[in-house]
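The structure is given below, and queries will be raised subsequently.
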């Protein structure tokens, strides 16, 4: 797929993610013990042979730049092609541009790229998908735009969903964004394949008409004229639209069948390399049904939880149904249940924290609870 | 100097640079045929053995990111240390912060860095300087802060100057920023060496007092308490503070003694590698007293000018006292005098453009004159 | 080629036959260690952390495997345009090629490589020691003492001293005598096999040594004694900290066990002195509901349903339900089925151990059991000792 | 190691003795060309531009110099974690080492290297040809024709055809006969020395070839004819465009001159097909008030006070006032003083030409003059022919 370029749009809604998106875009939210959300779509792209990826960012993206670096860990540190982080440029821009404006500002990037076809995605859809198959389908259908979707919205319905109306031939006839009452079961995964020239043409049309939203304005207006098809994705899909769905999706990783599919199915998931040593379990450790990244030191009890790299759990501590992000340190005899600790949180001995299954307690980055 | 970290502050005044800074910070302005201004201070740093450089940017910095990439061309693509581009982070910040706030936002970068000493510079001072000598001087004087300065302001005085009052022992007793009437001949080159802890302490003090300007507020207030010394720089200095000084400094490069010092003295000047072929002179070419980068194709006459990489000068064209930036294309029989073309300008045949020596005509990036 | 102050040469030549079944396909420096690393990671990481960015790796056994592992050196930050890491197998010259005859000969054959960088100093290292050491400090020590050569030494217990090369030194660290395995040691300072030489001087000695047909072309046996007898000023640099030669199966097992416990001699979690390695792309480790893990090191990509105590698990290891792993080192991608017992053993990579097998002595004992690589151990087998695929009971 | 569809092997072995004084210190593929490049840049850039990211460079002469030039391959975007560029000198094996005996033997000795990547195809290239070619298209052609081997061919003038290896083909590009330098050629399709083979098949032929003690172990002389006589389907891939073997001093000079003129055969300015190279750190070139430059290629770092016509100047060349350079190739860092005349010459790198020297025939002539590297030519000397430091008049 060296004829295809990837576009990852990081200007995504993230109002329901609490502190997790205070200092980072959705794509930079840590997930699954050692990844950031963007790793999944980025790995799907490189596993399909895409060698040129543009990442469109709006704000709060230092965390993302730190994570991606030169793209070396994804094999994207290239003289030709490679990884491009595209921040909003110039100083006379609207403070809150729609995604169309964000893309339109970098038309020159599209123009300069050698590829003719674009795969465009967000980062909220977690899956291990083979874009080569989607491209083959796109060609077979002679589609102008192909949208990846999944039938049967996973998990409880949460309002924030883009739904497709489809004919029996998989042609898309309507798109509804965030309806209160869903009228379709076909969840758009917001992954698009299309001709690069068409995308540039559509962006330019939309901007000159004053449109701002890619789906609501541009796609909807053009559904009649263009051959837009849906590609049905059959695999596991985790959709991160809120703190609740983030927490639920994380907990689903504790099913070995789900994590095996997500981490291995069509290719491996790459992430930033950290030189962490293997995780150390002390004599007093007691760990069950948990995903643990490298560099942790466990002296306490961990159950049904996900520990990111470099987490320390003290003696006598009991961590249950929780997510502890990078380098959190949990003192002795702490008790946690339904807790999400963001990075670098320090909790001193004996603290008890408890959220609810449908409302986990989030502790913001670098908090010290002493 | 692996115990020293470099800090390059790109939030610099650039009101007088016309179109040249419309889409880029001052540090990203092309200079000298194949460089950007930031290359000089960055090369001085790496030539002195500095391996960790943080570049603090405020806005319009995509050009800079493209230029610096992963830092590979400066040997700064490292697992440990290396090059860090530090954009303003978080979304609750003032739109036009002072340099103190910009630095203060990234205190964690200072903290994480292994080095104990900081060299802090801007990018408007063009020179080939040995920071190892400045550091030795700093230690010998037992200074807390050392400021590099040059006696005798180069070129006509232009108002935008920071001037130092010095004792005979080189101790700094006063600093004046942009006075209308200069009361000193010691131009601060806005290069500082100091202890990292001291810098962090000063930044924190200043922010908590509501101060915004590093020189006017923070340095001036502390001159009494701290041992601040001036290091007299003896070499060639080009100071870019306005379009006029940019043009004048560029023209000075046409003196072989100046360019030899600037490009070779204490070390080489590194820049982004482009795979341009050697420049091609056709039978009709006629080139005198000019600096020409690679990848140009010259069929016309070029005199007293600087051509950047990939410029094409058509047959019969006559380019005099001008600066043509990357990939400009000049049609046949054009006549240019005192002209600065920004990147990717296309001028069709037979155009005449003429500025004045003290007021060169600037054509903005990507303009098509047809 | 820019000049480098100091070039490091890592002697990674040995086939490591004492590591037997673990070095059938790889040279000793490439043997896995510590749940994640290869032995040579320690020397390479020490170089990186000490600011030495030009490293030659002298190897003659399976250079392709070491080449594939080290690649362009990016894992150790040694992917430099100038310098970086170079694998140096013996190559063919106009008058034909020859094996490296000894440690000194290996460096002699690569004089051209070293000369490219015009160094003032050369640091000679061994590729099969586990330790963390700042060579920059040793180099400072070398310069301070204006020595011709500096040798890293470590205090060993007096009763073991006769197994080492022992340095006698005066109060100024000046080496007065060097005895290889002395029956009655006069000192307990053992050579760690780490040398810094002034390069122009060493080059002369290497040329002399090569012309001496009686020489075995070895640093410890020939070059160092000759320099001493010539009265070159040589000093001993005393090293404090963990240091282990992992040249035998028993010492390899012991060094792995040394990483366990509450306060191990070698701290892998020190962020200021990272041990770099090639990081495989693996998801986090999964410990299932039935897992019991105590006092162990486990890497990403492992899936544990059974019990693990005092053991080290490399990436991709799977341990089935009701299986028990005690006091053992399980190399990458070993799959252990259900109801297996493993006690005091090293299991080579990619081996599959089927249901109900019993590996190692049934009771706690001194004897180590080692199972080779890429084997399939049938169900209910019993294995002790060194095993490499013969028929099993 | 991930699998690669196609691995390229560049034959860069030759000492290039026909390039005489220019290859005293470097192998032929490392000889400078075109004001900026080394000859091997073209094959390496073709690989990168064709999407082939795994390249072995087979060399046995001065491997250190080529190693230093190629480094980790970053200049050609070949600094890959998996694959990338590897320099492959002959190395010592258990049964001793040996030189590469012929082109086929060189690949035979590196079967292990190729096998690491389990490729379906192997592309064999020569390191001393100047051309721009998309090997991906040739590979498509190979697959389309379901060939066992595909050979790149180019039409040569009929009267020169007897100097080449000539392919007779049918209308389907199938090769019916191959004649090495036929006195009466039946076709004007010459082999470019570019081969794609199905790897498992080639491996078998290489093993056979190695066992044949009568073979000279060469692709053109032994392997290709044997495959043809065995009836393997082999096709000729017709290449259009500039292609030149720069194996002699005259052809090297000609190829440099071919870059000049208004519409040269080889366009170096094509942004879609860049020729990558190691970029020296040099400021822009400076043409002084007295300079006169016409119909020439000049690189960064040159300083020109004199007259330059129909010439190619590499980086760092200085030309003094009143000096005249005509129809010449001036290699890197040559310093030419004042009042010098150079006509139809190649000047080797780092040579200094003093005041008033006259290099080359005084009148336009056919004979090329070549001055070696790192020489100092005294003032007012006169030099013609091949000169490498003997006494000068």
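A, B, C and D label the chains in the order they appear, each numbered from 1.
Definition applied: a residue touches a chain if its C-beta (ideal position, glycine included) is under 8 Å from a C-beta of that chain, and two chains touch if they have at least 3 such contacts.
Here the structure is a predicted model, which means the values were calculated and not measured.
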Exercise. Hey, which chain ends up farthest from chain A, C-alpha centres compared?
Worked result: D
For this session: Write down the chain pair with more C-beta contact pairs when B-D is set against B-C.
Result: B-D
Problem set entry | Length of the line joining the C-alpha centres of chain A and chain C, rounded to whole Å | 41
Seminar exercise, completed: So, in whole Å, the Cα centroid of chain B is separated from that of chain C by 48
Exercise. Just how far, in Å, is the C-alpha centre of chain D from the one of chain C?
Worked result: 42
Problem set entry | Two or more partner chains touched - positions in chain D | 74, 80-81, 274, 276
Problem set entry | Multi-chain contact residues (two or more partners), chain A | 72, 79, 275
Seminar exercise, completed: chain D residues touching chain A in their complex are 48, 51, 76-77, 80-81, 272, 274, 276
Problem set entry | Partner chain C, residues of chain A touching it in the complex | 32-34, 72, 254, 256, 259, 263, 268-270, 273-275, 277-295, 297, 306-307
Problem set entry | Parts of chain D lying in touch with chain B, wherever the complex brings them together | 34-36, 74-75, 260, 262, 268-269, 274-277, 279, 281, 283-300, 303, 308, 312-313
For this session: Flag every residue of chain B that touches chain A in the complex, lowest number first.
Result: 22-23, 59-62, 65, 69-70, 72, 77, 79, 85-87, 89-91, 275
Exercise. Which chain B residues qualify as touching chain C in the complex?
Worked result: 2, 75, 78-80, 114
